[in-house]
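Got a structure for you, written out below as structure tokens; questions coming shortly.
A, B, C and D label the chains in the order they appear, each numbered from 1.
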Amino acid sequence: MFDYSTNLGKAQLPNPILTASGCAGSGKELSQFFPLTELGAIVTKSIMLKPRSGRATPRMAETPSGMLNSIGLQGPGIDLFLENDIPWLQSQGARIIVSIAGETVEDYASLARRVRNLPNVIGVEVNISCPNVENRGMVFSCQPDTARAAIENVRRNIGGEIPIFAKLSPDVTDIVSIAREVVNAGADGLALINTVLGMVIDVNTMRPKLAQKTGGLSGPAIRPIAVRAIYQVRAALQKVPIIGMGGVASGKDALELILAGANAVSVGTATFGNPGAAMQIKSELETALIERGFENFVDAVGYAHRMETQ
Amino acid sequence: MFDYSTNLGKAQLPNPILTASGCAGSGKELSQFFPLTELGAIVTKSIMLKPRSGRATPRMAETPSGMLNSIGLQGPGIDLFLENDIPWLQSQGARIIVSIAGETVEDYASLARRVRNLPNVIGVEVNISCPNVENRGMVFSCQPDTARAAIENVRRNIGGEIPIFAKLSPDVTDIVSIAREVVNAGADGLALINTVLGMVIDVNTMRPKLAQKTGGLSGPAIRPIAVRAIYQVRAALQKVPIIGMGGVASGKDALELILAGANAVSVGTATFGNPGAAMQIKSELETALIERGFENFVDAVGYAHRMETQ
Amino acid sequence: MSAINARAIQTSAEIISNKKIGAYHHMVFAVDSIGATARPGNFVAISVGGPSSSMILRRAFAIYRASDKGSAGGHIELVVAPHGQGSKWLTSLPLHEKVDMVGPLGTSFGIPTQPARTILVGGGYGSAPLFGLAEILKTRGCRVDMVLGASSAGKIYAPLDGKRSVTSMTITTDDGSAGLHGRVSDALPKLIEENDSEIIYSCGPMAMLEAIQSIADRYGLVHQASVEESMACGIGVCMTCVVPLRGDDGIVRMSRTCIDGPVMDGSSVVWNSKGIIPEGTWGL
Amino acid sequence: MSAINARAIQTSAEIISNKKIGAYHHMVFAVDSIGATARPGNFVAISVGGPSSSMILRRAFAIYRASDKGSAGGHIELVVAPHGQGSKWLTSLPLHEKVDMVGPLGTSFGIPTQPARTILVGGGYGSAPLFGLAEILKTRGCRVDMVLGASSAGKIYAPLDGKRSVTSMTITTDDGSAGLHGRVSDALPKLIEENDSEIIYSCGPMAMLEAIQSIADRYGLVHQASVEESMACGIGVCMTCVVPLRGDDGIVRMSRTCIDGPVMDGSSVVWNSKGIIPEGTWGL
């Protein structure tokens, strides 16, 4: 019997397929297409302290094998989230990873206090790929010091029970050094990668297509960047749990990230083109692993790093 | 009559379509498909001081709407380049931009001395997206100080006549600050962008597909990254000539980069899929500009930055 | 499970007819379940470009007509404009080819419980969902005045059999090549006054819908508008397709046109908000 | 202009036949100029996936046969294995569809000026370019012993009409499902000894070519090998397709299999160099 289970630090999951934050709505929207309990876990869209309208439209542009978005973290804020979204997910029996996002270091601390000790919540993804309003809008995870500050605040306030995963932006000169920094600051694991900063210009209006001008590039176009980031970080930090994501649309794509070092794989943009993507990937990946002779999922994690002689 | 000419600093070109360095061979290979004089200029593959075998194979992997390469700057070295390649290009009457690449700061100085004052050479592209052997293989253009040092050495040794363009890697936290640094160090213009670092894992061998493990991602997949980089740098440095590149495969793609701020556009990976790509793009772009009412190419450069009220 | 996307399925749908009509393609897909459950105003989302496509997002199409019977079982009809890469790919498919389809999606037009005097206004392919609506309204004893507008004659989609369910039909074109020279909004006031209309149903470009809303306001009419924003997912998970919508509580929220729409109460939409978040929007 | 790619053109080529034969598709393309100028060993490069394809690189295919005449004018024939996305797309195209083709590309097999005793060795679809070569060798009065190998019977491409130009034909399969149980290299020594062969022509996977080279070395034969490395451009501009090749000056250079090949002098290739640059290579 193939053992599909995986570990993300203290969290044990029956399978390694998650949804990516911001790509599965509140869960309700997807539940028509498959039972959420079939997922390793559902990762919620990043929740902030206050309700948030998000950015003006247009918020989206399709690009070759990818898309650009500038949703701007639209959401109901932590109060309504805990009142509505979480209880509904709990009622489904889903395993939940809550994603939190702040505009200040203090936001992260407050959010951490709100999300500890919730039934079914098996982990917290700390989205630090957001603009820091206290520092000229610089993205937290793009600077070692702000990345560290955000994670330290979450760690200190969340208690020791629940694993936290720092979600990093690939838009940095050296992702390994940021990864080291947040792990030293108390992250139990990492989520790699968030979207890549991009822009599309509408050749008819001759202006940026998104109201916000720049947006985050996702989808298969960025998969080679995700694989590289995961591989580099896995090579440097051999034991840290990694949630991998970026352009996974098939079981073979998921396998690429896993061989590079991901302990679990989040499916983001692929769900937009295919509501059943996560389930298709789950079954394709299982088949691919069995075909390759693996008996346990965990043996495939980081397998591309094995010595040449093996 | 539509005026298609453009300026790159002191260099005046009859049209803005160039080949991208490393994507047009020595020129001979492409000349069967169109006369090289039809290009604004041919950009040669980056030449180094000594002959260079390049990396081991496999050197290539196709990716969704893109490809990964790790050629490793294979080339004949500056002596044979000046003996064979340059005279042949001169004999064709082609306008030439020579691309140079070094492993040390001193390499750049030596190369600069060799390429000044060559007939038909209208500019030098300084590829500083290469590993610095004196500094743990860190890419020159990824650090402000090494980027500056390389460009200063070229500037000092090349003389004042010939414009130099610093070619930057997008794999940095803040490309605008690197751009400022190299312009302050004496670059007359910029070439944006080089490839994005990526990796593909072969799901059959379960190892990185390229012998060198990582490689440079190019093609339409990265176009949104190129447009963003060009737009950001143009917004910050309004007068600096920019050679734009990254995923241009059609006239509309070229227009996107131009509206973002490129004064000329290099065609790279598109030539692999379509040997006539540069000519097709040249004519499609001209049509697109005329359709949009432009009488001079230069009026379209950076047009996406115009004020909202205009 | 929840009420969102409650009737939606993901399925493979065979093309059983594909005919060019004017500037459009009328396409019929054999798809039992969607044929049976779709309501006027719903849409479907179709994958485009085949297995190695660089287009990763589905394209949304309003359902023109749906039926749970027919020689090939249940089916739906679409009216597709070959516009960009995705729609050109779709309209060029041969008979019997199958496409990956998700539907029915979104809200549907509200049907009055009592016979009412209605005006249906469509711009370009926006006429598509109105014919199915007209059929239902007609069987409910409603008066159905239809106004279709487009830039030129070839872009008016108004098939003969569709006109059967319509009490009157007015055509407008921007260039005067068919019907009245002008826009649908030019024709509306007279029609409303003559027929003492009570409800406007509309589908078309945002600018048209906005113009209709101001006419609806002037005459105090109910306006159900089918709103088309660029959609990445069509099922409510991505938040790309939002418009500002005033809720029953008076609060404006950025609301998804794919699940809270495409049919929305026109008087609740904050129109002309491209590029801005209106003052007072929740969470601004 | 230069001598590189001298006969190559970029053109639109119509599919005039597409037949499944065993594990392969035999495809014929109407293409005057390439039909007229191609030589055995040359290849063509074809765009795959259509206008919105995510596959941005061409696929290379060895020319199986070429002719400047025929009912539809000049044409070329290819033998395509539906392997991955690109080749599956190509082999699934209907008749009369057109593809974007560049060719003829690369070097061709050298033809002996005097009648010679030759052995032609092909692995899988590697037999494709050998049949056109056999025809020419036969008209030049050469002895042509052909050896074709594959994993199993279905993967041997050896059409009846092709066998006409061949003096003898040997088949080997890894699983013994046709011909000799084993590899082409197992069959070669006996053939060489019996026929006193002088030249080996080969086309197939690198490991096979390498094994043939060591046999050629042992018997002191000339070996012209058609080498297939992954090619991004096929026209010499990208440097992805290189193998280490010893030049006439004794220096090993990383050489492009697309323009210095695919047909290379087997004794000059430094075999088994995947993942390494051999010691002493120029510029290492």
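Methods note: a contact is a pair of C-beta atoms (placed from the backbone, for glycine too) under 8 Å apart; a residue touches a chain by one contact, two chains touch by 3 or more.
Nothing here was measured: the structure is a model prediction, and the numbers come from that model.
Participant: Counting only C-alpha atoms to place each centre, which chain is farthest from chain D?
Facilitator: Following the centroid criterion, the farthest chain would be C.
Participant: Between chain C and chain D, what's the gap in Å when you average each chain's C-alpha atoms?
Facilitator: Measuring from centre to centre gives 55 Å for this pair.
Participant: How many angstrom lie between the centres of chain B and chain C, each centre taken as the mean Cα position?
Facilitator: For chain B versus chain C, the centre distance works out to 46 Å.
Participant: Can you check how far apart chain B and chain D are, centre to centre, with Cα atoms defining each centre and the answer in Å?
Facilitator: 35
Participant: Which residues belonging to chain B are in contact with no fewer than two other chains?
Facilitator: In chain B, 64-66, 219-220 touch at least two other chains.
Participant: Could you say which residues in chain D touch two or more other chains, in rising order?
Facilitator: 54-55
Participant: So how do the chains connect up here, line, ring, star, complete, or something else (other)?
Facilitator: Contact map by chain: complete.
Participant: Across the complex, what residues on chain B touch chain A?
Facilitator: Residue positions touching the partner: 63-66, 68, 142-143, 171-174, 196-201, 203, 206-208, 213-214, 217, 219-225, 227-228, 231, 247, 252, 255-256, 259-260, 288, 292, 303-304.
Participant: Please name which positions on chain C make contact with chain A in the complex.
Facilitator: Within the complex, chain C contacts chain A at residues 1-2, 4-6, 8, 10, 47, 54-58, 100, 102, 229-230, 232-233, 235-243, 253-254, 259, 273-277, 281-284.
Participant: Can you list the residues on chain C that touch chain D in the complex?
Facilitator: By the definition above, chain C touches chain D via 48-55, 85-86, 89.
Participant: Where on chain C does chain B make contact in their complex?
Facilitator: The touching residues are 54.
Participant: Tell me, which parts of chain A touch chain C in their complex?
Facilitator: Touching chain C from chain A are residues 22-25, 28-33, 45, 50-60, 62, 64-67, 69, 71, 74-77, 88, 211, 219-220, 249, 269-276.
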